[in-house]
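Let me begin by presenting the structure, written as structure tokens, before commenting on it.
Chain naming follows the written order as A, B, C and D, and within any one chain the residues start at number 1.
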């Protein structure tokens, strides 16, 4: 991690070799993620979104940097904090918002809600309500990719809290032993709910822990979309070359509480401010794009306006979407309709 | 591990600082373990022991070296390959054999069988049928020791196959994070059933994997009872000094198949012979004791005779022991007798 | 003396009193010390009992394993699993270790496994109904209170029990208020409560369905139908004696649960009662339960999957006018 | 054409034929490639299908997770868990991942989870009866054949099914021999088999109890009591239609299982049948099952815990002469 003790303005980002137009799209997507997620808390508190949600405001560069390093056929799995991944993967904002509202036009027709939004046609196997479980699905997708010779890689996201879930290491071991095309991607935002992960984690480095399982493990500045992109790109190339999985630890930060409306008294204002002032992934990318002449203020304003409109339209779409058909409440649980023979 | 490529006779053992009379007792116990376990296969095949057993012939030094480094109040948990641990901990051979036979005078009155023989009064929480699970119980015992300030340490045995069970690493992480007085003891006999563990394990070192969890990890020659004793003694001291857990990997070998009557075609005769000829833990200890004048041939013969008699007596005891009282088949499942209120 | 507090506060009161009484009680779970657990159910306990509450890593298997080992070595742990769904990551520790130790080794495992259960928000993976599986596991006791007073009384009993108790608190009852006796108020494990007396039909329920059954009973009372509502409180061991006595009076039984009806606890009760009281039954026993489906996120889909008051009422009426099936 | 082979060989024959038919089938488990699994049930398959059988580390959670992810990405995995007890270490993967994917995402998980089950040696931790819990989990299918022919026919159906199927093979039936049709022999999921026809009492059983029930039926036939024996074969979905039709003829039902009686599948069947066929029943439905206890090592203690032929016979006789309970 970069030493910020002397820094007073946003840190630089590493965009070498990246295409300028692509980078503008990255910023637009990061802006959309931020606007989309910042709209959610009030929607939850007013009950339009039933229950709460885990938002990833502050973690946008992780999602966009990683996702843009993958190809459309690659498989991605997410966690309980999944909207940034989903939007970066191309889930329609309208359908995502309708799903959050529990409506018929949602990605899952209202069945899934925040933690299970998926896009199977994009090989995005969705969020997961169980810490660490998404990685297991990515493991399996990587296994199938290897067996079928499909040329896919699979990337599984999980948080720093998940490094103490044993099954995460079972998956990593299996991928390492079998040289599967897997990218195990840890978004380390320092906290699991209100517990500083370091306080319940043996050893002082997640990547060192990972290395013990026999795969390369790299730590990257998760607030630098370019840096994230590069490590994922390299991991993807290794995977396709048959060299096996890579572990990525991206240092990042969530600005808000763990779940809608939750306090953040377990961390200092100074800490939060430092991340916002010096490391904000959007600001850093914008500064770099402006400096290199790729984005002037008008273009930036237009990008922001489009993002706000998209979110407003998604909210309106969700509001207008009907409730799901109740007759389907238990449809499609299995392919065989058990009612055929008298149960249940 | 010592390089044996040039060796032609049993390797030396490291007995510095150990008491001579103690060492004779160690050898006697190791001999008892070997004789006891070598008696089991025919007893299983003839049906006097129902089902098969996992014997640890070849792994005697691990059990005796480790156990003699512990105090009576310390807690020990074992695995599916548990007889050597139990005998070294002081489980009565008669009661152990009766348990294997499924008789009323067995340690568990016939309820437990091979994998669950325990001695709660000796803080020996028994074997475990689930790979890696014994370590979890030791973890909890270590937690209680820390909370209660009882001055105990807890040692949990598991095999090399268990290093790919996620829960093993959950336990090790927890112990490391909380600096619990735990010794996580891996008996690496190279195989899990018929699979060479290295072939399904990422990385090339179990201790390196362990180190990533933030605790010291030492590899030791498991066929050298003195060396095992020393590392466990040191681990115990660390634990009691509040410095937390230690991971121990003992390199050892099982001479027989995984379970009664099972073939060993997955390994070469040369490999087995090398372990037997150069590293046999009993031979190595005997050679050292003889060389240092602690054990002459007569004393050794007497020791072997006693061991054989003990095993013969245990078999006779077990044969004579009655079958359990069938009326107790479901007694003592919980403290509350559910039948009181009509079920089950 | 009693105070009007929430179910969650009643739980806390019971835990506090027991921790004062017994030094061996120790609390383990994620976000416990400051937050008091995910639902703040033990907020404050961390600072009141320094060293006796510990924040765990997200390691459900190790948490339960640690609980079992600690219980065997002198503590009486409360392992707080947050949502009970996370017990799925610790099933070996619960079923193969905690539940079997006494049988194998003659030493009980005094441990409470607390989990938030029942059906509410957060969709499929946070709304598993695991209670029937626990109740089918020899060696476990299972509790699910429906009132604040019972919550206090039952957690006190659970903490005095020398065996593993799975203690389920319904998501939607966390904030339910009720009078809770101060001090020594102990509800024995294994005893159901008759919430409302009646001679026409017996309704057995637990968790959030108890209040629903009481409301339906109230409505039917206006029509002159006297429904007896029994709250199981403990799901294992079942208080079949109380149910049996009631059914032998009413001749009619409805068993209601939010778990998938197929394979749920209602089947056990129906099977046991028809066996013991066949000749007292005037109508087939009706079971009301969830559809055989994972739970959705969308509120109307949730409501469609679990028993409504209307459904309960229909089931009760079905016992009053049983249809001779066409042969 | 048929051959007389063991249940284990029949399983292998079914798997082999399906692997020849469908390239997507892939086998994952410990000691699979050379040994063919712990019970040598797939010995030879490893070399016949290079690259399609893989030795796994002892990582049940990762095995099942890998199966789910691979199934979502085009394979049809068989995840061999050895003893089904080890599924306890993969419960989240089975219950929260495999079982829920289709409901949430509209894509099935074509995976067979094979495990050796039923009661026999190796004591408490290797003799869990998990089938009732699986059957109560929406999204899972559960199969437990009792004959070699059904084993072949059902594994073929399971491998063609687009949902997760828990496939249980009884420890003590591994070596059971029987005629098995060669080639395309498919037994549909969800259909019970009438093993023996009779008009006096219906006995429903599965796994090792089917043969026991047949022997009892044979004995009772000499007394003129005609017992109909139904082998469930699939435990979810249940073939209630077949049971119902039988009970409506016989008026009497005994449900037998080796699982702890309390909370087992027998409760579901008894509850469902008394509900649908109450007015056809001449006697209370009897359930026969194991005591509510972990299983011991000692053979007489095992035998005392699970249903014997004598117990089955007593239960059948009880339905013939029901006792009017004393009011």
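We adopt the following convention: a contact is a pair of C-beta atoms (placed from the backbone, for glycine too) under 8 Å apart; a residue touches a chain by one contact, two chains touch by 3 or more.
Predicted model, so just to flag it, every value in this text is computed and none were measured.
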{"item": "Comparison of A-C and B-C (more C-beta pairs in contact)", "value": "B-C"}
{"item": "Most distant chain from subunit A by Cα centroid", "value": "B"}
{"item": "Subunit B and subunit C, separation of their C-alpha mean positions in angstrom", "value": "41"}
{"item": "Rounded Å distance, subunit B centre to subunit D centre (Cα mean)", "value": "36"}
{"item": "Centre-to-centre distance between subunit B and subunit A (centres being mean Cα positions), rounded to whole Å", "value": "45"}
{"item": "Junction residues of subunit C - those touching two or more other chains", "value": "56-57, 59, 61-62, 85, 88-89, 92, 96, 103-104, 123-125, 138-139, 236, 260, 262-263, 272, 276, 292-294"}
{"item": "For subunit A, residues that touch 2 or more chains besides their own", "value": "108, 111-112, 116, 128-130, 164-167, 170, 173-174, 177, 199-201, 330, 333, 338, 343-344"}
{"item": "Parts of subunit C lying in touch with subunit B, wherever the complex brings them together", "value": "26, 51-52, 54, 56-57, 59, 61-62, 64-75, 77, 92-93, 96-97, 102-108, 138-141, 161-163, 189-191, 236-242, 244, 272, 276"}
{"item": "Contacting residues of subunit C [partner subunit A, same complex]", "value": "30-31, 34-35, 38, 55-59, 61-62, 85-86, 88-89, 121-126, 260-263, 291-294, 296-301, 304-305"}
{"item": "Touching residues (chain side subunit C, partner subunit D) in the complex", "value": "85, 88-89, 91-92, 95-96, 99-100, 103-104, 123-125, 128-129, 132-133, 135-139, 236, 248, 259-260, 262-268, 270-272, 274-281, 283-287, 292-294, 322, 324-325, 327"}
{"item": "Residues of subunit A that touch subunit D when the two form their complex", "value": "75, 77, 108, 111-112, 116, 118, 120, 123, 125-126, 128-130, 133, 135-145, 147-148, 150, 152, 154, 166-167, 170-171, 173-174, 177-178, 330, 332-336, 338, 340-344"}
{"item": "Contacting residues of subunit B [partner subunit A, same complex]", "value": "164-170, 172-177, 199-205, 208-215"}
